[in-house]
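Presented sequentially are two complexes of chain A, the first with chain B as partner and the second with chain C.
== the complex of A and B ==
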């Protein structure tokens, strides 16, 4: 059976993208924050959130390969199509990082050269390129922008190394997304068990690489916004957010496809299984969110609490609201077995926590990237819709490129008869 | 005849499942099935209701949560207010993050132990209790179906011949 990317859906997603472009232009014009910080923070939030969904898909696919799981085989093409957004998502992120490196925005405070040097030549202050020096020389005075903490981190947080890391993560992740897709299509034609057995090893390699780089990428791209602050749990926290966002999207997308009759081979047990994932990973996310919060709250060390102090004083309702929404909704509503088999409950919870996890990314980036004022206005909503349109367009497009059910996978028959 | 019970032994779970389907299609009521492992899909066929153990687990969990929170409230806020890192301790909510791990542990503890005990009590398989299993070999490699003729309208002879024809290797009446 082929998935048809209907004309109506194409128009709808194009309209969403146009809304996004309008929101970008209008927002950019009306954005009077420092160096259009709000605009660029929106690009990073949406760029990262949708990139994260496809990255979560890649991780989940590799997990299925490495464990040789049979139950997910009928959903494999759907997962693959989600991973194919990773190329677009990576491009968006690279554009953002170029903008940050070129000082078009000041989301990353540490990218500013001024914070690394103790002294500045007095005669050059006020010009476009003040001359900074590390030692006291004739004509130099104390640099008021000098930041000892950031200077201490300069061995890791410097532009060349940042770019090497970023290109390494994005390059390897994109390669695996391409590589798994290619092998999956190859399996359709060739068949046999050779590809399936080798996928296990490749997936294991990917998972080891991902285990390290998902953490370091979270530090580089998100944690370094609040440059003074650090948390060793942050990588895991972001990773759980990535995973749960993907699970939510997979549940909603599969239910939609099944409602449209594209995937008659997906039965209640498959829906139940991915519903369980959504339920369980919501707990993982809550666990990590709370662990990070509680340890910092308990010890109350000034250099650690800054992150929470800012969020609690300026965004108290939203900050704790997201936590409770993303925790209580899945827990209370999806706890029983029957609820995970009822489409209505899954859609309701899925939609609520989908926005909840977008707001979670928003909460990671905006307080540090833009500063104090809480504003979810036309720009935030419009750009979210625009990126959603782009994401859905890419996913639908790649889903329509290949048969929606894999052929020749050794566990295909077993997966079709999943019964729990 | 009313006191007699028919035990039909099978040596394959799938044969038993097919047999059970055929018998229940005729309106025969099967009391129970003994098996060394869970037979996939047998529950709806022989009319076993969905387990309520999960509901018990939920209730035990709530009890554990309530006990833990109220206990800590009494110990740490009311009876002997603890000064931990200089944090205010006039009200429960001011210290609640520190209590969450213990509340969680206690919830899990009570839910897990409560469910295990309920399971054993409901099945009456506590240590020292004589097993109700009619044939010890159903814990090894055989499967037994238990039918009470008093539950059913069709005659015992017909029941036996049906069991025989659907693959039972031994039928005993006792």
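== the complex of A and C ==
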């Protein structure tokens, strides 16, 4: 069976993208924050959020291979189509990092050359390119922008190393998204168990690489926005957000496809299972949110607690609101077995926490990247819709390119007969 | 009926029938203990008695008989406590989390892993108890009404959260374990002929009839308890980690502690399960139920959790530098290169580097090697707690009070003692309890039994 990317859907997603472009243009013109910080923070928030969904899909796919799981086999093509957005997502991120490196924005404070030098030549102050020096020479005075803490991190936070890491993560992740997809299509053609058994090994390799790089990418791309701040849990916290965002999207997308009759082989048990995942990973996210927050709040050490002080003073309602939304909705509503088999509940909770996790990314990026009061206006909503359109267009397009049910997967029969 | 793919390996080997499963599990219960059991029991009992002696001496004389000093106020005591609690994670993970994940291989190991959990948590509880010195005042840890004067528990203290977390965990694990045992006790009750054992097993089986209604409730309560136990698996060691992480001691205060402790606990718990089961399957002839595949799966859990722990170690190390906080950086530098460098590197080698050999299928399916590695991991995880506790404390903010910790024979005796008591309990369990969930095993015989799988394959081929 084939999935047909209907003309109506194409038009709808194109309209969303056009709204996004308009929001970008209008937003950019009206953005009077430092170096269009708000505009660029929006690019990063959406760029990361949708990229994360596809990365989460890639992780989940590898997890299925490595754990010999069968129940998701009927959903494999859907998961694969979600992973195929990773190429677009990676491109958006690269554009953003180029912009940051070229100083078109000041989201990353550490990319500013001024913070690394103790002295500045007095005569050059006020010009476009003040001359900074590391030693006290004639004509030099103390550099008021010098930041000892950031300077201490320069062995890690410097542009060449940052780019090497970023390209490494993106390159390897994209490669695996391409590679697993290719092998999956190959399995349709060739059959046998060889491809599957080898996939288990490749998946393990990917998971090891991902285990390290999901944390370091979170430090590089997000934690370093609040350059002084640090938290050992941060990488895992971001990872749980990546995972849950993907699960939410998978639930909503599968339900939609099932409603349209594209996936008759998906039964209530499959829906129940992905509902359980959405429920369980929401708990994981909550657990990690709480662990990080509680330990920092409890110990109240100045260099750590600043992160939350800013969020609580400037964004109090939203900050705690995100926590309660993303925790309480899935917990209360999806606790029972019946709820996880009821489409209405799943859609309701899924949509609510989909926005909840977008806001979670927002909350990681905006306070450090833009600061000041809460910004959610036409630009935020419009750009979100634009990226949503781009994401859905890519995913739908990819899904329509191959049969919607895999062939020859050794666990296919087990998966079709799933009954719980 | 449930479909099982041909490429899945069988979980019950040999040509077993329902009757044979019952007989195999009943064997140690109705038979006489062999010599190796008595030798093991004798050694464990001697260790236990020595430990009890040391504990009585400690309680009679005071905590000063341990090697603690004013800088290192926690050492082996809390190390042992955390080590035992950690070991106590595998059982409930296997029975609850793997039940939720529909992992059928858990059935061969869950009974003994849960027993191990319960005994390990009991051993863990010994440590804070005797650490109080005046153990007869132990009830002060409960939030009792104020008749005792102005003392009231400190709800802000993670040590109090620990009291709640561990007692809840213990209760739920015990109930879960016991409910699983009921049908199996009933089977033994129906099979034994001597009067006294029949009476005892009859009492233990709570009048189980085995009708459809009873089984239905049995399965429902198992699922409910699994749902309750799963968050508990996470909460217990998270809260244990908060004993350290809520403080402001460099090396203790780090946000990754809760999930990293949980992972480490599962890691050490599985290692202990391997240690016990590899011996048990041999001595009790359970090779057809606890197969190489089971051992391989457990080794995979060990490598995954060990690697998560490894990522956490490296994260801590990196962030201690990245933070730019002098004390934080020093704490980790001191761990790796200070006077306790050997314990840090013992931890790193045993927990992170050596489990990586399980990437080789040959090694993770080798029984002797697995046994050896399980001991290594047990040692490594003990050192992990030692490193966290002692190396973070022994050099505090005041260099004039820097010191070392030297265990006394009482420290050593109490620790050996808990190992002895643990093994005594486990050996008694292996002797008198059904060590495999025989009734549950029967449910997978036709889908995952070796000869049934072969028969159905033959049928499809012809």
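In the analysis below, the second predicted complex is superposed on the first by the 420 of 420 C-alpha atoms of A that agree within 3 Å, B and C clash if a C-alpha of one lies under 4 Å from a C-alpha of the other, contacts with A are read in each partner's own complex, and residues count from 1 in each chain.
Rule of thumb we're sticking to: contacts are C-beta pairs under 8 Å (C-beta built on N, C-alpha and C of every residue); 3 or more make two chains touch, one makes a residue touch a chain.
Everything quoted here is computed from the prediction, not taken from an experiment.
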Is the arrangement of chain B and chain C around the shared chain A a clash or a fit after superposition?
clash
Of chain C and chain B, partner touching more chain A residues
C
In the overlaid three-chain picture, which partner chain does A:299 touch, first (chain B) or second (chain C), both, or neither?
both
Using the superposition on chain A described above, determine whether A:152 touches chain B (first), chain C (second), both, or neither.
second
When the two structures are overlaid on chain A, which partner does A:255 contact: first (chain B), second (chain C), both, or neither?
neither
According to the stated criteria, A:336 is in contact with first (chain B), second (chain C), both, or neither; which is it?
first
Touching partner for A:193 - first (chain B), second (chain C), both, neither:
second
So, A:235: does it touch chain B (first), chain C (second), both, or neither?
second
So, does A:419 touch the first partner chain B, the second partner chain C, both, or neither?
both
Overlap of the chain B and chain C footprints on chain A, residue-wise?
294, 298-299, 419
Contacting residues of chain A [partner chain C, same complex]:
68, 70, 148-149, 152-153, 156, 193, 196-197, 208, 211-212, 215, 219, 228, 230-236, 283, 287-288, 291-292, 294-296, 298-299, 301, 303, 410-411, 413-414, 416-417, 419-420
Considering the complex alone, what residue numbers of chain C touch chain A?
2-8, 102, 231, 234, 238, 242, 245-248, 253-259, 307-308, 311-312, 315-316, 319, 322-325
Residues of chain B defined as touching chain A within the complex
40-41, 54, 58, 84-87, 97-98, 100-101
In the complex, the residues of chain A that touch chain B are 290, 293-294, 297-300, 335-337, 419
